[in-house]
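The same chain A turns up in both complexes below, where it pairs with chain B and then with chain C.
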Partner chain A sequence: MSTNENPSKKPGQVETTGHVWDSNLQEYNNPLPRWWLWGFYATVVFALVYWVLYPAWPVGGSFTKGVNTITFMQDGEEVTTHWNTRSLFAREMQSGKQAVRQREMLEQVGAMEYETLLADVEAMSFVNAYAKGAFGTWCAACHQTGGGGVIGQYPNLRDDHWLWGGTTERIEETLVLGRNGYMPAYRESLDGQQLEQVASYVLSLNGFAMNDTDVAAGGEIFNGYLGGCYQCHGADAAGLDSQGAPNLSNNIWGLVDVPGAANDEERVARVARFVHQGVQRQMPAFADRLSPTEIRVLTAYVHSLGGGQ
Partner chain B sequence: MSQPMYEARVPIHPRSVSGRFRNLKSGILVLAYGVFFLLPWLRWERETGPSQAVLFDIPARQFYLFDLVVYPQDIFWLAGLLMIAALLLFFVTGIAGRVFCGYFCFQTLWTDVYMFLERRIQGERPARIRLSNQPWNTEKLLKLGATHASWLLVAFATGLGFVLYWADAPTMVRDFFTGQAAGAAYITAGLLTLTTYTFAGLAREQVCTYMCPYARFQSVMFDRDTLIVSYDQARGEGAAGRGKPVRDLKTREARQQAGVGDCIDCGYCVQVCPTGIDIRNGLQIECIHCALCIDACDTIMDKQGWPRGLIRYTSESALEGKKTRFLKLKTVGYGLAILIVGGLLVASVLSRPALDANVSQVRQPLFVQMGDGSTQNSYEIALNNKTQHSLDLEIRVAGLEGAVLDLGRVEDIILEPSQRTTVLARVRYTASPGSPSRLPLEFEIVDREGSMEPLRIGSQLSLRP
Partner chain C sequence: MKHESVETNAGLLIILTLAVISIGGLVEIVPLFYINDTIEEVEGVRPYTPLEQRGRDLYVREGCYTCHSQMVRPFRDEMLRYGHYSLAAESQYDHPFQWGSKRTGPDLARVGGKYSNEWQVQHLIQPKSLVPESIMPGYPWLAANRLDYSDIEQRMIALKRVGVPYSINQEEFAANVERFGEDVAMMLDINRAEENLIAQAQRENFDGDSTFISEMDAIVAYLQVLGTMVDFNEYSAGHFAEFR
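On to the complex of A and B.
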């Protein structure tokens, strides 16, 4: 036990609580600084106000809701709830300044004819900004973020090569109704040599120097009864957008990776393999998923990407 | 009891004084108040935009300064301004001490006004001391009440005056008093009312002594050649110290014979000090260099018929009998830095383009092959009309032979003043074999009416990944 009779270095400077144990055991009384105490009281007052205004205390399976409310529209009805960030977000999206402005612009753009819309800088600036988001939501999963597509799978929307037509009317139709693209497989009707001949013919249309005999033979298959390719792709292989049949003479390759091939042999092999297998692709219909205005904005956006007709 | 956290404030009741520095301070005060309170009311003719000469329009993101319109992109000008302000402070402090504190600081100006009101209502220093010591009665209640009311009024005028810079002044005043102004206006005005009242009315010199960072770092910029408000100890004290002008010490000659200095220990310099210090104790952290003690001492010296300048602006070197050097590496350096930054800022403001244009190349995908064998790149050209008239723009592509610009169906690009828009542009180019994968090109933006110099923005065309 301590025998120090005078625990304080400066007697009288620090008060004790006045309690004494074992004849000399005392306790210092160091009260909190005044400013600290008032700060603490202020937080208590803040908490009281907070409890009144906002959801705070759990009560059984529920909680105190607070008197602060948020009013917003839900499924066409006006709903008033206690304060919460989810409703705050809903209200912000309905009546926030930016949201209202965006809706106004959407309505304005939605009411414009394509002719006027495409010529209007300000409207197209909005289309570009707004449609980037919508395109990212609905289209980019296949066509990629910038609309560049994937060779062999999804069409590139940035070039002037259109399967189903590149006018605003045709683009809108594609968006509304969707498309089913189909090229039959020729594994039954053409043998390996014939497939290579057809491939040589198609490559020659795109400026590749191929074996003349193969090209001539391939041309006969393409434009004759055996292949019948001309029925969809046309006699000059310029394509037919009512069928979704692509132009085969513009050196743009959506499905066969010809640019990625090292030499003629590989190019022929790739085209031949494709004709052997055929392809079936689908663009989904968006009529029931997007509003007419959104479809209009997306149509104008796709048209503006680089190859609109 | 526990120890107090800080020393309790000893109330200061400064006496008024007249003289050249008081007149200078009053002149600066009137000028500063005139500018602060009247500037928002100055009208200005513009082709478009508000008719207020100085207006900081936050919602529209435009700052109007007479004929200059500042946009958020010009924010780096603020850096230039702040640099000049800081350097100017260092420069002046190095040469002449805390000039800013004594004559220009808001705290000094507003405290001055508050002290003036206090004196008009409660009377001169002795009356105020008596009032503060006497128990509460009707007189004390009335006088103190009137003082605080007048302070609050000035504080509110300050708050409202500040708010007027951020909206059309006449409309704002009307909306403010009819309860239609924005919430931010009330909050700002309220906050400034509160801080003005607290700082200029209640805290006063404590702001300078305990709160202000400038006060502290200005003190460390002093050197022996810095002009400071200083008491000439050698002259004032003599060999036998200072002395009251009693019987044998009335004339200067008699005093000098007795070894007594020129200071008659009247205490006037202490009484006028707004920070409550005694300048005769030498340079102190509290001293804001307001020079009122100089006026006070000069008054006394004039009355005695002795030369002025017992307290004066002088440097430590001069007090030691050496020459004061103003041309020091420090001051020359700061001066040079101010000139350079100022020159750059002015040049930047003057050479600001009328049109803000940015070209960004679309990178997803970087390029596409077109049906005719050409390669196409896409660009987004962001335009912002910074002029006060509308621009009829034409975009061309330059610097690359054979490049074809395609703006789709867009023909007219007409930008209203301060309108922003993004133009989608495409460039097609048929590459010859052996072309590098990147080719430089420029977009040339021309006003069809020729109101601005053609603007050229560099970009590139990508042919391969």
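On to the complex of A and C.
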């Protein structure tokens, strides 16, 4: 236990706190280092200055606002408020160096025709930089970082196979209005054999060697009244971008995983199952989420990914 | 009080230490409860519907908050990525709130309406199927589990006790009609909680499976309402600075 007895202290020894534990354990009472002490006083002074400049102490239902102010524009008028992060943010968005530079570039890009824009190296380097963020935020959730898409679900934007057209006008329209892709299910109108025949026909258009009889029968269904597939996909199966109907003859597979099938039998089964089920895919409209300029930037970016027409 | 008596009395030392170190916290936190402008006046913020609230409970149960914050800060880069900064008013009915600064995954304060229901469902079941570089684990059981809403009334009563304006009698209901409009007030009525929950789940069918109400229905309902209650087009750039 501690006792208050002051043990005998020889002259010249360091002063102790005077507490003695377990009969001889003592505690030095050295002064604080000067540099530390002055540092401490400096923080006190800093706090005093800070309290004067910035919002600090609560007083009743409000608080001391500080004398520091921020000026920004609101509804065309200059507004001056006490310092706070929200005003700081408003000012930063209006007149911050990066914000201003970005706005200038957006205005510049927004005023350019697509043809000029796509040919302008400096503007496109801005488009790529800006779209990296915007595409990542708005598009990559489905189309994937880089625009590669997901087979069976979301279209690849890196190739020159387009559902709704790959010109800048069409891409912009897709972004603005969104798209509803629809193919009816043929489970009612075609039986199992007919589904396989249509599948064989479609696969034969893509360079797969299929049974000739099936292909011929499938072709009749595809181009005839029974299937009516030609109405959207076209008699040559080259697709119709006004309907979002894909080209079925270029061996590019967006929704049916034909490349992943092991043999012809499985390929036929996969295509047949798809026709049996039909499909409905939706791309949301971005007109009310993105500004026209942002849509322009994203259009140019998507167009430049690989297959713009 | 003598220095020695504090040093030699552990219980007293603990109490006094707690008192001293709590001063900083108290000075910073307590005034927020009575300063008038802490919670901004803003149109549109309402308590969660029963289904959304159950979704929120699941969000907490699954520990989503350990990787996702729900607080967009007033910085330009956050604004560009997530949208308008979060308001205190937007989490006034959250118990506990989901603010934070640790983002292993992205902030979710404004995720509502950003992706389709189908996307959310598939992403929750297997995130890597949509975002190959994602490190988020899958939550496939949400789609398989039947949602337990047997205690939804009790859950709402508990929230009511901590200040969420769910109504249990005619008087409170009338006050809610006044405050939120009739449609919302109906959803906040504890007496109608179960029927409201079932109706919303069936009407909106968030998980695309109408045969039963799954946990997926609830959590997607919750995700889809996050950050969507306030229409920020109504307010000018510096409007919310008035409250700070």
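Everything below uses one rule, namely that the second predicted complex is superposed on the first by the 247 of 309 C-alpha atoms of A that agree within 3 Å, B and C clash if a C-alpha of one lies under 4 Å from a C-alpha of the other, contacts with A are read in each partner's own complex, and residues count from 1 in each chain.
Rule of thumb we're sticking to: a residue touches a chain if its C-beta (ideal position, glycine included) is under 8 Å from a C-beta of that chain, and two chains touch if they have at least 3 such contacts.
Every value quoted in this text rests on a predicted model; they were computed, and no experiment measured them.
S.K.: One more residue to check, A:S62. First (chain B), second (chain C), both or neither?
M.R.: second
S.K.: Looking at A:L88 after the superposition, I want to know if it touches chain B, chain C, both of them or none. Which is it: first, second, both, neither?
M.R.: second
S.K.: Just to be sure I read the superposition right, which of the two partners does A:T145 touch: chain B = first, chain C = second, or both, or neither?
M.R.: Once the two structures are laid over each other on A, A:T145 reaches both partners.
S.K.: State whether A:A129 touches chain B only (first), chain C only (second), both chains, or neither.
M.R.: Touch partner of A:A129: chain B, not chain C.
S.K.: In the superposed arrangement, which partner chain does A:N250 touch: chain B (first), chain C (second), both, or neither?
M.R.: first
S.K.: What is the contact status of A:D159 with respect to chain B (first) and chain C (second): first, second, both, or neither?
M.R.: first
S.K.: Following superposition on chain A, which residues of chain A contact chain B and also contact chain C?
M.R.: Residues 144-145, which sit in both footprints.
S.K.: Looking at the complex, which residues from chain A come into contact with chain B?
M.R.: Result: residues 13-15, 30-31, 33-35, 115, 118-122, 124-125, 128-129, 144-146, 148, 156, 158-161, 247, 250-252, 259, 303-308 of chain A touch chain B.
S.K.: So in the complex, which bits of chain C are touching chain A?
M.R.: Those in contact with chain A are residues 4, 7-8, 27, 31, 34-37, 74-76, 79-81, 85, 114-116, 119, 123, 129-133, 236-244.
S.K.: Show me the residue ranges of chain B that touch chain A in the complex, using the header's touch definition.
M.R.: Counting only chain B, the residues touching chain A are 1-3, 5, 362-365, 368-373, 376, 378, 380, 408-414, 419, 421-424, 426.
S.K.: Which residues of chain A touch chain C in their complex?
M.R.: Residue list for chain A touching chain C: 1-2, 4, 19, 55, 58, 61-63, 72-75, 79, 81, 84-90, 92-94, 96, 98-99, 133, 137, 140-142, 144-145, 150, 153, 282, 284.
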